[in-house]
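Labels A, B, C, D and E are assigned to the chains in the order they are written; within every chain, residues are numbered from 1.
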């Protein structure tokens, strides 16, 4: 286990890049959302991306996915990528299992789809229409669809946002496992600071159109949420995100005048 | 402050119900999702609803919203309700501010819309089309749209799911304030156990089509996330949800054989 | 000034709804001859065919229609005709021909046996084709008859889809323009009779009868006026609506008038006999549901009024 | 979905008997205090409006009634209601004929038409006409549908295709068929081909416009997702674009199917000796209102049949769709 | 959107000069060890497939090129490309005439048509015909649009309305106009009314089918949301149903606008002494192919104009939509 962690570290040091971004900018109707952003993700690295709502995380992911070319700057990515978008984006006219293996070469492999659906805990709903899924179920299908492709670069946009605690833990574990097994690079957008620290090699905080802060999480896995290093990083990240632990406790403020 | 908390408690005792559900059942194509559920929510009570993905939380909310009548059982609700759905469901053909005040009597009041949008931190995007919003921005518009109506019963389906830590704290505070000010009843579906304990008077855990567990949170507000009662309740709820604190730390499991 | 001499002094309240074909010819003639100031009102309506006019008469939207001999046969075929033929206009029967395309080996009707012959269904073309075949000793079934509208017929003739075409008017002129040759002419088969039909309701009203008689007399006079040195004026009017050159229109007009001057007259036995022949031909062609006695939709009630009007 | 909401201010809603729900319950002592907290919001506006000291009335409540309960009592079956439109038209027609409002010379009475239908069926004319027209309509439809699909895909998928095809289609559509018949004869002769070509032409337009429109209304988010899934151009068309365009295409299909029959009214004026179009224009020339009306009736029935087919097809093909299906009335 | 993806196995993509990105960099020592971890996945399938010991090659990478960069070089302007279709048709027509492929008796040459256009414009016939037809088309269109909207709303919003209206519309649509002309004469006389009625009839169907279909494809989630917002029936129609139906309605509009002009070809055979339909059927009778073709051309131009209007309208009305707009080719 520690051996594997080591090989990751080696990798980071060899600078064998999977994603390279230089001076990337993107503006919508004159409003610059991403501004001269630089970022390198190594092969096999697990990077988490935090940032305020609307700061441009999804925009960055769409660019890396090759879905947005109204950009300036230099972006190089592996050709084999897959993504789970922020909303599930399932094809409503395809049954759930078909959605999962859509786009894979060869005959649609229901067994494969069911295997992955089982991993996210919804194999018994493999044969229904997407419209009958609950929010969390749809999100899990979308996740399974991204994972089944086994890409070089996996782009995950808040893939666990609609999941309850238990399902979330299972899904996180699944992603972690696949990452270990296949050594792909992962860029995970999340709003959960603990999640980012539990999973990632490196946590980025996006702000003002660029990578404002960065933490390298060199803790051995599995990580202890209570360890002092963990708590310190968590506090640091929350502070960068504008939250001070005290603030968390203040809600709801009954006096009615502590609102921002 | 403590006085207000007291009046809440009184309320619970007087059984002046806002929502009354008796023997509610709902099945989809023969699959029973809600099964003989009983629930009473007092006037002015803040109830949080937890439960595994796909257990029927959104279904229950839709029934309370009056959007689903393929039910059996008895459901009585206030006539003035509003809801923020799990997905934002903004009208794509109406500008953001127009979405917020849609359905309110009288002339569309942009000032009012902007006020509420400012409260969720996106007043500067009041005049754009919904398609240009980020995931979290859309969710906040949807929340503002539910809050502006000032209903008797507010139904919130994971309203903070796509928000970053800071924005989330602010939004939680806003909901708390409005609840204090207007004394409406709130049913909040969330996957965040801490959030439920910070906000609600009572936390329900849904399972097997009914309310399986219930915690009355009689802690004074603002609540301390570190207090022993809080931690105990949190552990209890997580256990009911199938998560034991230890499990959280186990992800990702590098050995690859600890998967469920 | 020609007036309705039939006694009914006040015609000012009468309105005649009169159908006109194609480019409002009768209307133009009256105007050209300065005869359009009638003591009654005339509401002209232009239709793209006599059959449409008779449709309007049957529906009660028109008082008077004008057509060739063919449409009334069909309009009366169901036995419910609510109109009568009240006057007969004589006119040219030129440009009613069976033609073969340029370079065709066919030169006579007899050679059409087994050939594809285009014709315009339910028109004079069908009638004279039938009669010409009969004269050539052929039955209708001896040819492959291809029902086509004139423009489609010409296209088919040029495209080689048919071996001959029975048609009329400008389609024949155009065909000749492309080198088609005449292999049969309807000039002597067709009577040249054009019918004026009035609805039973119109006929029942003495005032309308008087007005109609006067109107027909005026049209007759108008044609005479044109023949009397105003051919070019007429050709100019024609040319604008048919989009021909004036000289073209003039020569066409002259040829027609030379063959048979346009006049309006009373209904006659001979005209009825001619109409009956047409009806019988279509009957033989199987186009009529049952044998038709054409005299049922002919009348002489207008004759006395018309005679007076024509004479004045 | 029927929303059975009966607002009953401060009282149990009717039909909710036996359940003393809502409202000021007897013995609800500290009512005032609670109401003071809850406040009253007559107008829904006013974000920061202070809680007014209005009268402490309980909020109006309502019961959500199970759909099954609401649907008790007699209901006219769906099929009867669907038939009511056409049957109503028949009735009006019959009455108009009987009352003399419509002279039979214009519109034959249903009785005459029925007799005519019997006669023409007995002598085989009507069945053979339907068969002849049906063949032409089917062939033409198939060809037109393929052309429409190809053109719509070209215009829908490629900007260049759009530029070249779409403006041309708008132009061609505006050109009346009738004017094209001579051209068709030159190109296709006078046998079956021009008739089929005319049908194809008539069918192409509505299908084209609707499929093209459907393609262009495909959700860009799904297209992005499909691109990420590694779908190539063919896969994109097959799994995203065409399904997206399907609802629109089915609307076009409804229109196109009836157009297919209609086109034959004109097509069968060219060298036809059978077919409903022929029967009809023939009857028109002979002023046989009974036959005309019979033909119209046949068209109507064929229209209903085609509609029925499209309805079935839609039901099967669009099960995946969560869309509005009218209220429950 | 153009996806400029050039897969360059293990090498920097072309056009990425100056940037020694990707691939086995010189001096990348511990390459093997890394590749061993990353594995190679030639086929994308196999969930639990063990990492094979394949050759340690670096994964293919690609550069996402900015759109601006890709768009360098000469580009044919949009308007030129849009004109290419119609202009191409013109050219083919001209060549067909010159080469004698199409005899002028069937299709007059563009030169003749132009001359005719000049003459008829000079003597005022063509402008007055367009004005006369335009008035009829506009009135009929307005009436038909209102009827279509009312019927579509009735059928779209109420199950009962659907049952009664929708089946009848399917039936009526199948009945050919031409067969109805005698009826129209009885009901509306022979003046302007029957012509306008015919146009209205022709316009009603495509609009009805598309608006109805549009209403029925409204997202049920949005309708639920609107109900929750307290929108009444009118509000629901105004703010949800009609906007949902708008894209479909615009497709119907495209079709309906050209139909409006077409209907006049038949309508203006009855008691008309002006209008393009009259001009055209008159020319047909007198066999003036140049005038016929001129009329066809006028129809085509009117069609293009109407299309242009709908295009502008769509652009303005559908700015809110995030939908597929064809690739960037």
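Please note the rule applied: a contact is a pair of C-beta atoms (placed from the backbone, for glycine too) under 8 Å apart; a residue touches a chain by one contact, two chains touch by 3 or more.
None of the values given here were measured: they were computed from a predicted structure.
Visitor: By label order, what chains touch chain B and chain D together?
Guide: Chains touching both chain B and chain D: A, E.
Visitor: Quick check: more C-beta contact pairs at B-E or at C-E?
Guide: Of the two interfaces, B-E and C-E, more C-beta pairs touch across C-E.
Visitor: In whole angstrom, how far does the Cα centroid of chain A sit from the Cα centroid of chain B?
Guide: Result: the chain centres lie 25 Å from each other.
Visitor: Can you check how far apart chain A and chain E are, centre to centre, with Cα atoms defining each centre and the answer in Å?
Guide: For chain A versus chain E, the centre distance works out to 40 Å.
Visitor: Centre to centre, by mean C-alpha position, how many angstrom separate chain D and chain E?
Guide: Distance between chain centres: 19 Å.
Visitor: Distance-wise, how many Å sit between the C-alpha centres of chain B and chain C, to the nearest whole number?
Guide: 84
Visitor: On chain E, where are the residues touching two or more other chains?
Guide: In chain E, 3, 44, 103, 106, 182, 186, 221, 227, 230, 284, 292, 321-322 touch at least two other chains.
Visitor: Mind pulling the chain A residues that touch 2 or more other chains?
Guide: Each of 4, 66-67, 87, 104, 119, 149, 181 in chain A touches at least two other chains.
Visitor: For chain C, give me the residues that contact two or more of the other chains.
Guide: 55, 58-59, 149, 151, 154-155, 158-159
Visitor: According to the definition already given, which pairs of chains are in contact?
Guide: Those chain pairs satisfying the definition are A-B, A-D, A-E, B-D, B-E, C-D, C-E, D-E.
Visitor: So in the complex, the part of chain A that touches chain B is made up of which residues?
Guide: Touching chain B: residues 1, 4-5, 28, 50-54, 57-59, 86-87, 119, 122, 125, 132-137, 140, 157-158, 161-170, 172-177, 179-181, 191, 193, 198-199, 221-226, 238, 241-243, 247-256, 258-260 of chain A.
Visitor: In the complex of these two chains, what residues of chain A are touching chain D?
Guide: For chain A paired with chain D, touching residues are 62, 65-67, 81-83, 85, 87, 89, 91-94, 102-104, 129-131, 145, 149.
Visitor: Tell me, which parts of chain E touch chain B in their complex?
Guide: 221-222, 224-231, 235, 239-240, 243, 246, 319-322
Visitor: Along chain D, where are the residues that touch chain E in the complex?
Guide: So the residues of chain D touching chain E come out as 3, 44, 78, 81-86, 88-89, 102-103, 106-107, 155-168, 170-176, 178-180, 182-183, 186, 205-206, 209-210, 212-213, 215-221, 223, 227, 230, 241, 244, 247-248, 250-251, 254-255, 258, 261-262, 265, 280-281, 284, 289, 292, 295-296, 299-304, 306-307, 321-329.
Visitor: Can you tell me which positions in chain E touch chain C when the two form their complex?
Guide: 103, 105-106, 116, 120, 123, 125, 181-182, 185-186, 189-190, 269-273, 278, 281-292
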